[in-house]
Each structure stands twice: as structure tokens, then as C-alpha cells.
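Each of the next two complexes has chain A plus one other chain: chain B in the first, chain C in the second.
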Partner chain A sequence: MMLWQSVPFACILLALGSAAVTGVLRGRAARCWTLAVLGVETAASAVLAALVARSGTYYTYMMGHFPAPWGNELRVGLTEALLGCGFSLVMLLSLAGGLRDLEEDVSSGRHSLYYVMILLLQASLQAQIYTNDIFTGYVFAEIMTIAAAASIAVSDRGRNLLAATRYMIMNLIGSALFLLGVILLYDLTGHLLMSPLRNAVSALYAGGEYRIPMTVVPALIFVGLGVKSALFPFHTWVPDAYGCSTPASAAILSSLVSKGYIVLLIKIAVRVLGTDVIRGTGADDVIFGFGVAGMVMGSVLAIRQTDVRRMTAYSSVAQIGYIYMGMGLNTEAGITAALFHILAHAACKGMLFIALGTLADVSGGSSRFDALKGAGKRAPLAGAAFTVGALSMTGFPFLGGFPSKMNFVLAGLDYGGTHLWIVLAAVVVSTALNAVYFLRTVIALYGKPAEGGSLAVSEKNGFARAASLSCFMALNIGLGLAFHPVMEWLRQGLATLG
Partner chain B sequence: MMLRNYEEIAAMVLFGIGFTLLLLNKNMIKKIIGFSLTDSAVFLFLGAKGYIAGRKAPIVTDGVTAAEAYINPIPAGLILTGIVVSVACSAVMLALTVRLYRRYHTLDIDEITARVRKENQ
Partner chain C sequence: MARIRSDYGPSPRRNFLLWLRSGDECFDRALIDSVSAPAPSEAERGRSAEVRRVPRKEEKVYRKAEAWNREKGTKLTRRLYLALCVVTALAVILLLLRTAALLPPFGEASNPANNEVSRRYIEQGMEETGAVNIVAGMILDYRAFDTLGESNVLFVAACTVIILLRVAAGDRDDAARRLELETDDRMYEPKDDLILQRIAAVLVPLVWMLGLYIILNGHLSPGGGFSGGTVLGAGLILYLNAFGFAKTERFFTYRTFRVISVTALTFYAVSKSYSFFTGANHLSSVITPGTPGMLFSAGLIPYLNIAVGLVVACTVYAFYTLFRKGDV
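Here is the complex of A and B:
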């Protein structure tokens, strides 16, 4: 056991421990401490990713002194290391970008508590990425739900409280179903660790025993995590939760929290159930159908919005649909495309929400479509960032969204049959709708301000926000240009994941 | 055989009741009760599945070390962990309900939604 192999465990423990300490610090100290922790974890995860890549394989990390079938484990491979690094970075940038708005949105005296929630989110994201135990996955999913609800309710306004309550209700429904699925799986197999579970599930499936429970379990787990990650028909909490919370919360919720559940779902699909069992139960076609419906309906709902933040929230529903569509193809190419989209969407949506926070600041605090006219000129950097994000989401070449869409189409080509035509039609329709609402907004940002609606307020541009937006833009352009090595990395990671 | 699985049947009935309350009831407190019922049902199910009639908890007091004399302690451990999670979630829901009640003086989530909508127009 080398020292660097403890990095994932240290990341989880550092974030959890800091969350306990931050609550008693004063606002400013808590802020510095949180940013430092996130910075250290990003750097450590990057080093870990490089070392895992050099070793070219994965390793399991024993927690406590009980070996595999009994104890708890972390598992670190190429996929996990890259996701861990990417998520820490987006978390750091989202928090740094939203610091200015936090001053106003969080009631005084509660600032240090907000950082507790951020650190809890970070710890539970890292734990969900690395854990090899489905019950640990469930526990951290619940911690994440509570922390996310608290980060919505941190602004003491009626609609924030309501949004947090609705978020909790939907998430509790999701976690009840997910928990039941996990418990049934444990009752059937007697295992909680993913690798022994996989063997037990394969044996049960090959023997043809427990056919009905083996169909019910994937259904419960999929619907449960689908509700929690805002898949289309279960997305009703999204617009309120993302639309009214402070920009940092909106960025973290949309780009990371919903993805944490998806990462857990992909791990369960690939590592526990296995692609063959999923194909045998027909769950993949159901996931595919939900994904396609989400891609189209999310965009249709987004077009009807008059508030740009709510529009961006609905756009998240569409992007989650893309990820589920890739998973529903249930092939190596499809799941790799889904994993890439998780990263591309995280880099993009975080930036959009942070930029919108700034643009709303220079438009009298409103993010309504009419109020934002001309805001791109009043806040040039945020305008540029929003434009980059909007173009990326629309699938403009050289930005993160383009290789993502290309991967989905290639995965569809690879699959062939009717699925190919459905993928092509869904991507084309969704892209066209994306272009309508995002480009309309970009044009409005640089258009003539409406009479009376324009406020010539200078941008209250903090250094942190400028740095965050610049890094986000660089990240998007980097993903768009260097998508090939990232895809290759994810493909290798997936090969060892199964 | 079906009729002997009393605990499992009770658990599924409770799950149904709790889930319906959580999903459909307008009253916040009843929603929280529904959530508690749902989770308790899952724990009852797990507890029932984890128990083998005639065996004891794995605490060696009389020198018997054969595994056949005891039940697996992990289901009980999972239930305890699950109860902690469930209590935490209920506490957060109750705290949010208190804050909503102080502001709107009602527990009806539909009415709160209508009032919030009116506030923001």
C-alpha cells in the first residue's frame, strides 16, 4: 500500500472533518478554510489521477481491518480518479464564482454554516464516486440530499424554503425507492460490496432464479436515482430549486449534485448488475426511452420560460436526458459518452449559473429575459462566459458540448437499428431547440437595453468571480479541443470498471 | 407459503401507505409521517429477512462458537444506520416545515405554493 493510494480516503475525511470545524469558525475564516480544502483536494485528486494513469489499472482500498466480502472498500480506477478531480475543480470554481452573491443571499451570521453544507456536499460526492459498497452509496446520497436542501434554504425567503421542501419531498421519495432496491438486492445475494454482488447477481441470473425480484431491483434503483437526479417526468422540483437559490448553490446543484446520483447509478449498472443482466431485463430500453423524452421535453419546457435562470434549469433536465440516453444504449460507447457528458455538462452548467448571477446583478437583480437585454455589455466577462456556455450547450465546435453530442451520435451509429434513428432524431430536435432558446438569450444579452429596464450599474466584479469565469471558459474550450484523450481515458477506465 | 410471510406482507402494506401519504397528502406533517412509515417498512422488511427463527444475536456468552447458532448481525447494523439517516431527514423536513409555518401560518403545501406564487408576482 503506497501513501498516494490513501488520497481518496483522505479527501472524504478531510472534507467531512472540515465540515465539523467550519461551523464554529467566523464567516471569513470559514470561507478561506473551505476554499483551501477544495483547492487541496483538487490538486491531490489531479496527482492521484496522474498516478493511477501511470499504474494503468485500478486498486481497492480497504477501510478498517476486514478484508473483501465483509469489510467496506473504496475502489479507485481511471474513471473514478478523473471524476473525482473534475468534480472537485468544478466545486471550487462554482464556490469561488458565487462568493459575491453569497454576501447578499445568505442571512448574516449564517455564512459559516453555508460552508459546512459545501464541504458536506464535497465529502458525499467524493464518497459516491469512490465507494465500492452500495449501502455506503445510499448513506452518502442521503447526506448529499440534506446538504443540498440546506444550501437551497440558506436564503431566508419564502420561495427558497418552499423550493427546499419540494426538493426534500421528491428526494425522499427517490431515496425510499432506492433503499428498497438496495435492501432487496442484499436479501437476494447477501452482499453489499460491488464485486461479490456482481458474481452473485450473475450466478442468480444464469440459474434463472428469482426472475421477478431481479427485474424489480433494477427498476427500483433506477427510478429512485432517476427521481433524485431530475430525470424528465420526475423533474418538477428542478426549476424552483435551481431558479431561486444563490448562484453558487444553483451551479453546484445542477452541475454536481444531480451527477453524483448518476455516477452511483452508472457504477451499479456496470459493476453490480452488468450490461447483460440489464439487457435481459429490458431495463436499458426503458432508460433509453426516459432519456430521449427528457432531451426533447426539457428543451420544449425551457423555451416557454421568461426567466433565464429557470430556462437554464430546464435545459439541465434536457442534458440529464442525454446522459440517460447514453446509459440506455447500454454499450461501451454509450456509457463512455454518458460519462463524458457528465464532465462536459458539469463544466458548462456551473459556468452558466455563475455568469447568470453576475448578469442579474447588473440588471437590477432580475434574471428575466427582458431585464437581461444588453447585460452582456454591462458585464463583459460574464457575457462572454454565458456566450461560451450557451454555444457549448448548443454543440458549437471547439467547445465541450460538441464532442459530447458527437459521441452520442457515434454511439448510436455503433448500436444501429431503430435506436440509431431515435438517437439522431432526438439529438437533432434537442439541438435545434437548444439553439432557439440559448442563442435567443445570447442575442438579447448583446442587444439594445429595453427602455427603463436597463440599469447602468457597473459590474461588482470580484477577483474570485473573474478568475472562476475565466477558468470555467478555459475548461470548456479545453474539453472541446482535447476531447480525444479524455474519451480514451474514460474508455480505458470503463474497460476496468466492469 | 405466502401466508406465512407476515412481516414481509405487513412491510409492503406499510410501505404503500407511507409512500401514498408522502406523495399525495397536502399536509406537511402527514407527509413527514408518511416518510417515516416508508422507511420503517423497509427496515421491518430487512429485519424480517435477516432473522432466522431459533437463532440468537451473535454475542458469545455460553461458549457456543458454531456459526449455525447465531444470525448475521449485518442486517441489524444496516437498520441502525438506516434509522439514523431517516431521523436526520425527518428532522430537516420538520425544521423546514416550522419555518414555512411561521411565515405562512399553514401546513397545506398547495396553499403555501399559491401564496409564494402570489408573493413573487
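Here is the complex of A and C:
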């Protein structure tokens, strides 16, 4: 075993250990330490991704002295390495971009605890990406839930407490359902690690035993993780959670935390249940339906909003719908498209929320539609970033959102039948609705400021924020231009994932 | 007349447009406003009434619609919501009961859960991990990564409660505020209760002994860090109730809490990192199972039990004091 193969293990343990240490550091030291850890992990993950790509295959990493069915295990393949690297980078950029707002939103006594939460989120995201054990997935999903709720509640406003409470209740219902699914699966198979589980599940399914429990298990897992990742009818916690938390939290929650659960779900779907079993139980059509409903309804709800941050939050619901639609197709192309969209949306949503934080700063602290008029001129960089993000979400060429939508359509074409028409209709309707609310906002950003409210404040030039927004923009344009190698990478990864 | 109908009449298109434009004015917005917003002054109320003044006929229709909304509409929605809740809950309950009935019968030897995984834990657990208590061997050696996660769940929970409840440092110097908190605490609680103190003086050492025994014997008998830590924490809470904060703070403050939690978690992470790393790379480790049954045996397990026990004790105690006093 080479030294570089220990990188995933080191990333998880470094983040967990640093989280404990950050608890006793003072604000400034905690901030530097957290940024340093995230930077190191991003760099290490990038090296890991490159080396895994060169080896072209996957490997498993024993967590301890006991091999697979007995001890915990990590699994590192092309998909995991790319996701691990991308998530670390977005985490670093989101935190760096939100630092300035953090100073204002969070009372100074809580800063170091906020960084504890960030590091724990990083550790649990990495663990969910790399784990080869569904119970480990559950444990780290728990850490992620609590840390995410804390990162909403950390700004001391009444609305945040309400949002955190709602987030916690909905997410705990999701956790309970997911745990129930894991328990039933263990009861039926006696395994928790993914590879032996796969064999046991296939054997059970082929033998036709326990037909009803074997249908209930995927349902529980899908609904549980669906609630946690803001799938459409379970999205009610989203607007408050993303709409009123500090920009860094909103960026991390929308672009990474909800994706962490989806990555876990995709791993369970592909690695544990297998596409054939899912097709046999008919779960894929149900997911497809939820996804399509989310795509349309999320956008409709977004149009209604008068507050741009809440609008962006509802737009997340629509984008999560896209991902579930891809998973619901249950083909290689569909799941690859979903994985690509996870990356594209992570790169885009984080940027939108960070940019909105800046735009609100120069508009008297309000992110209401009327207040933001002309904000793009007052804060040029943030305005440009928001424009890039909005165009990307609408699906303009040369930006991350365009290849994403194209992939979904291609996956639909690949699938054929009624699904094709539903995919086409949903993508067209959703894109049109996206354009309505995002382009309206962009036009307003560069429009004439509202009467009487000449808030010609110049942008408070945070270097970290400017750097973060520039990197985000580069990332989006990069994904839009170089989508072909990324797709090829994900396709290869998926081929070895199953 | 036609305009009125298009505005307030039951046209589906109009209803949809109204709904579309109304924004997200849902229940919680009303809830927050009712709590946080100051009552509007007479002048403001007058002004808003002026703005909203509409021709009389329209006003009448509007009033009527609003009254219906307020009285019957809300009631209907609430009933429908309740009925749907009950139906959904019943459906889920029935589905889960049906599923549970179809699961493998409890305790059957041929159940799928009795496979090579649990067989190795039971048959070779003592030999491989050195722990007589196979549960300790399972959670702290075979599946130590999960348990590392579990102890971090406790840590993150404690940090979250601190974020939510801890009175900010600036406020603590405020004598009036401190007095107020103290009165709040003491309102319904005995202060310097002689009976409680005498009994606690006997019980607290016993409880702490039991807790330490459960932790230190975690690899030899049923118990371990999680259960022993809870007992230790309960002992601390009993001591606090009998003797008050002043005496507890002689040996347990927020600083102690932070130092203990951080040291224990860091020790767990570092020592297990070594064990994971050597395991994954097939290196020989200096940690050996030792002689099963001895106090110093089972490799890292007793030390990990101590670390977990300390984290659990601190967390239990911190929850209690934070909810009471807003400070550890």
C-alpha cells in the first residue's frame, strides 16, 4: 500500500482531530487553523485524484487490523476521489468567501465553535464520500445534521433559531427513516459493509425471499435521505435554512451538505441494492416522479419569492430535483449526469450565496428584490459572480449548468419511451422558469436603484471574498468548458463503482 | 363589477396569480411578526388603512372573503391537515408493522444475522482483541471507526448546546444578570438542603466509584465508556445539586470541560489513527491484545474506554448545567 493511498483516511481523521482542537483555540487562531486544514485537504485530495486517475482503478482501505466483513473500510475510486476533491475545494471557497459576513453575523464568543462545526462538516462529508460501510454513513450523517443545524443557529436571530429547529426536526425524521432502513437491511442480511451486502441482497432478491421487506428497505432509505437532501415534497425546511443563515453556512448547506446525503444514496443505490434490484422494486420510477415534480415545483415556488436569497434557496429544490431525476432514470448515463450535476450545482450555489451576501451588504443588509436593484454596479465582482451563477443555473453554454442539462437530456434520449418525453418537457419547463426568475434578478442587479434608496456604498473589499468569488467563477467556467473529461472520468468511476 | 369579480371572485386563474404574487407569507412569518414586531402606532395604522382604502363595494367583498378565510377557511384547512396527518401516520405504522411481521423470527439460529461476521466476533473476538467483553471488542476494535464517529456526535451535540444556550462572556460580569440567573435556578430548588447534602456525601463517592469501575472494567465485564461515563456524569450532577455551583467550580469549570473533552477526543483520534494506519498498511503495531482477563490487556480498548467515558461524563454534565444556568 502506497503512502498516497492513506490520503482519504488522513483527511477524515485530520478534520475530526482538528475539530476537537479548534474548540479550545481563540477566534483568530481557530480561523487560520481551519482555513489551513481545509487548504491542505483540498491540495491532498487533488493529488489523490490525480494519482487515482493514473492508476485507473479503485482500492479499499482497511480502518484497523480486520478485513472487510468484520472491520470498517474505506473505498477510493475515481468517483470518490473527484467528489472528495471538489467538495473540499467548495468548502474552502465558501468559508473564505463568507468570512467577512461571519464577523458581523456571529457574536465573537461563538467564532471558534463555528469553525468546529465547519471542520466536523468537512470530516463527515469526506467520510460519507469514502465510506464502504452503511452504518458509518449513518453515523457521519448524524454528525453532519447536528453540525449543520448549529451552523444555522449560530447567528443569534429569532428567525435563525426557528429555521434551525425546523431543519433539525425534518432532518431527524429523515435520519430515523434511514436508520430504520439500515436496521432492516442488517436484519435481513447480517452485513453492514457494502460489498458483502450487495451479494446478500442479490441472493435474497434472486431467491424471492422477504419480498415485502426488501421493497420497504429501499423506500425507507430513499425517503429518509430524500428528506435530508431537500427532495421536493420534503423541502419545507429549505427556504428558512438557506435564506437566513450567514452566507458561508447557506453556501455550505446548499452546495455540500445536501449533496453529501445524495452521494451516500447513490452509493447505496449503485453499490448495495444494484440497479437491477431497484428496477425490480419499481423504486426508480417513484424517484423519477419525485425528481420531475421537484424540478418544476421548486422553480414555481422560486418565482413567487420577493427575497432573492429565499428564491435561490427554492432554486436549490429544483436543482435537487434534477439530480433525483437522473437517479430515477437508473441508467449509467442518468446516474453519471446526476453525479456531474452534483459537482456543477455545488460550484454554482456556493458562489450564488456568497455573492448574495456581498450584494446584500451594499444594499443596506437586505436581500429583497427591490433593495438589490442596482447592486451589481455597487459591488461589481459580486454582481459578475451572481450573473455567472445565474446564467449557469439557467443553462447558458460555456458554464457548468449547460453540460449538466445536456447530459440529462442525453440520458433521457438514451432511455427512450415515455421517460424521454417527460425528461424533455421537465427540462424545458424548468429551464424556462429558471430563466424567468434568475434573469429577472440579473436585470434588476444592473438596473436603476429604487427611488430614494441611493445606497451607493462601495464594496468593502475583502480579499478573501474577492479571491473566493474569482475562484468560484473560474470553477464554473472550467466545468462548462472542460465538461467532457469530467464526464468521462465520472463514467469510468461509475463503471467500477457498481 | 367585472373588475371586482376578476380580483376577488373564485376564478382559478386569478387565485393562481394571487398565490404566485403573494410571496412566502406563511405561518411562521406571521408568528415571528407577532412576537418580534412592535405594535404599530396609531399614526402608522391610520396610514396603512389609508393605503389599503378601496372603493366600498370592493371593500365589502374583500371583508366577506377575509372573514370566510379567517373563520371557516382556517378551520377547514386545519381539519384537512389533521386528517391527512392521521391517515399518513396510520399508513406508515401499518406498513412498518406488516414489514416487522415478515422479518426473520427473533432469536432463530438460522437467521441471516447469524453469519460469519457475528461468528468471528463471538468465537475469535477475545483472542484477536484481547477483550473478554466482546461488545467492547466489537465497538472499540473491529468497528472503532464508527465509535470514533459516535463520540464525535456527543462532542458536536455538546458544542451545539453551548452555541445555543451559553450566556455570552460579556453578560457574565453583569452582576444583576448573574443574580437573576441565580434566582431563576433557586426558585424551585432546595438550597443547602441538609438531608440532600448528607445523603449525597455518602452516595456521590459510591456513584463515582461505580462509574470508574464500569469504565475501567469495560473490556472485562459488561459496561464501558458510554455507560460508565453516564454514571460519572450523574454523580457530578448529584454533587452539584447538593452543594451548589460554588463548590463544584473548585474542580470543574468550563475550562476543565474543554480541556478534558479536547484531550480525550484528540487522544482517541491520534491513537486510533496509528492503529488504522498500521492496520491498513499491514505494518506491525506496538499494540498487542495482551492476556485476556487482565486489567492491562486488550490493547487500546481500556484507554479508549477512559477517553469515551470522560467525553460522555462531561457532555452529560454540560447539558445539565447549560440548561440550568446557561454556563458550564
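One rule holds in what follows: the second predicted complex is superposed on the first by the 497 of 498 C-alpha atoms of A that agree within 3 Å, B and C clash if a C-alpha of one lies under 4 Å from a C-alpha of the other, contacts with A are read in each partner's own complex, and residues count from 1 in each chain.
Just so we're on the same page, a residue touches a chain if its C-beta (ideal position, glycine included) is under 8 Å from a C-beta of that chain, and two chains touch if they have at least 3 such contacts.
All figures in this text were calculated on a predicted structure; none of them were measured in a lab.
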Chain A: partner with more touched residues, chain B or chain C: C
Touched partner set for A:63, first chain B, second chain C, both or neither: second
Partner chain in contact with A:153 - chain B first, chain C second, else both or neither: both
Touching partner for A:4 - first (chain B), second (chain C), both, neither: neither
Partner chain in contact with A:186 - chain B first, chain C second, else both or neither: both
Which of chain B and chain C A:398 touches, first, second, both or neither: neither
Which superposed partner A:33 touches (first chain B, second chain C, both, neither): neither
Which of chain B and chain C A:169 touches, first, second, both or neither: first
First, second, both or neither for A:142, with chain B first and chain C second: both
Contacts on chain A seen with chain B and repeated with chain C across the two complexes: 135, 139, 142, 146, 149-150, 153, 158-159, 161-162, 180, 186-187, 190
Partner chain C, residues of chain A touching it in the complex: 1, 6, 9, 13, 16-17, 19-21, 23-24, 61-66, 69-72, 107, 109-110, 113-114, 116-117, 120, 123-124, 127, 133, 135-136, 139-140, 142-143, 146-147, 149-150, 153-154, 158-159, 161-162, 166, 180, 184, 186-191, 196, 200, 210, 212-213, 216, 239-240, 300-301, 303-307, 310
Residues of chain B touching chain A in the complex: 15, 18-19, 22-23, 28, 31, 35, 38-39, 42, 45-46, 49, 72, 74-75, 78, 81-82, 85, 88-89, 92-93, 96-97, 99-100, 103-104, 109, 112-113, 115-116, 119-120
Residues of chain A defined as touching chain B within the complex: 135, 138-139, 142, 145-146, 149-150, 153, 158-159, 161-162, 164-165, 168-169, 172-173, 175-176, 179-180, 183, 186-187, 190, 192
Interfacial residue positions of chain C with respect to chain A in the complex: 19-24, 28, 31-32, 35-36, 95-96, 98-99, 102-104, 111-118, 120-121, 128, 141-146, 148-150, 152-153, 155-157, 159-160, 162-164, 166, 168-170, 258-259, 261-262, 265-266, 269-270, 272-273, 275-282, 285
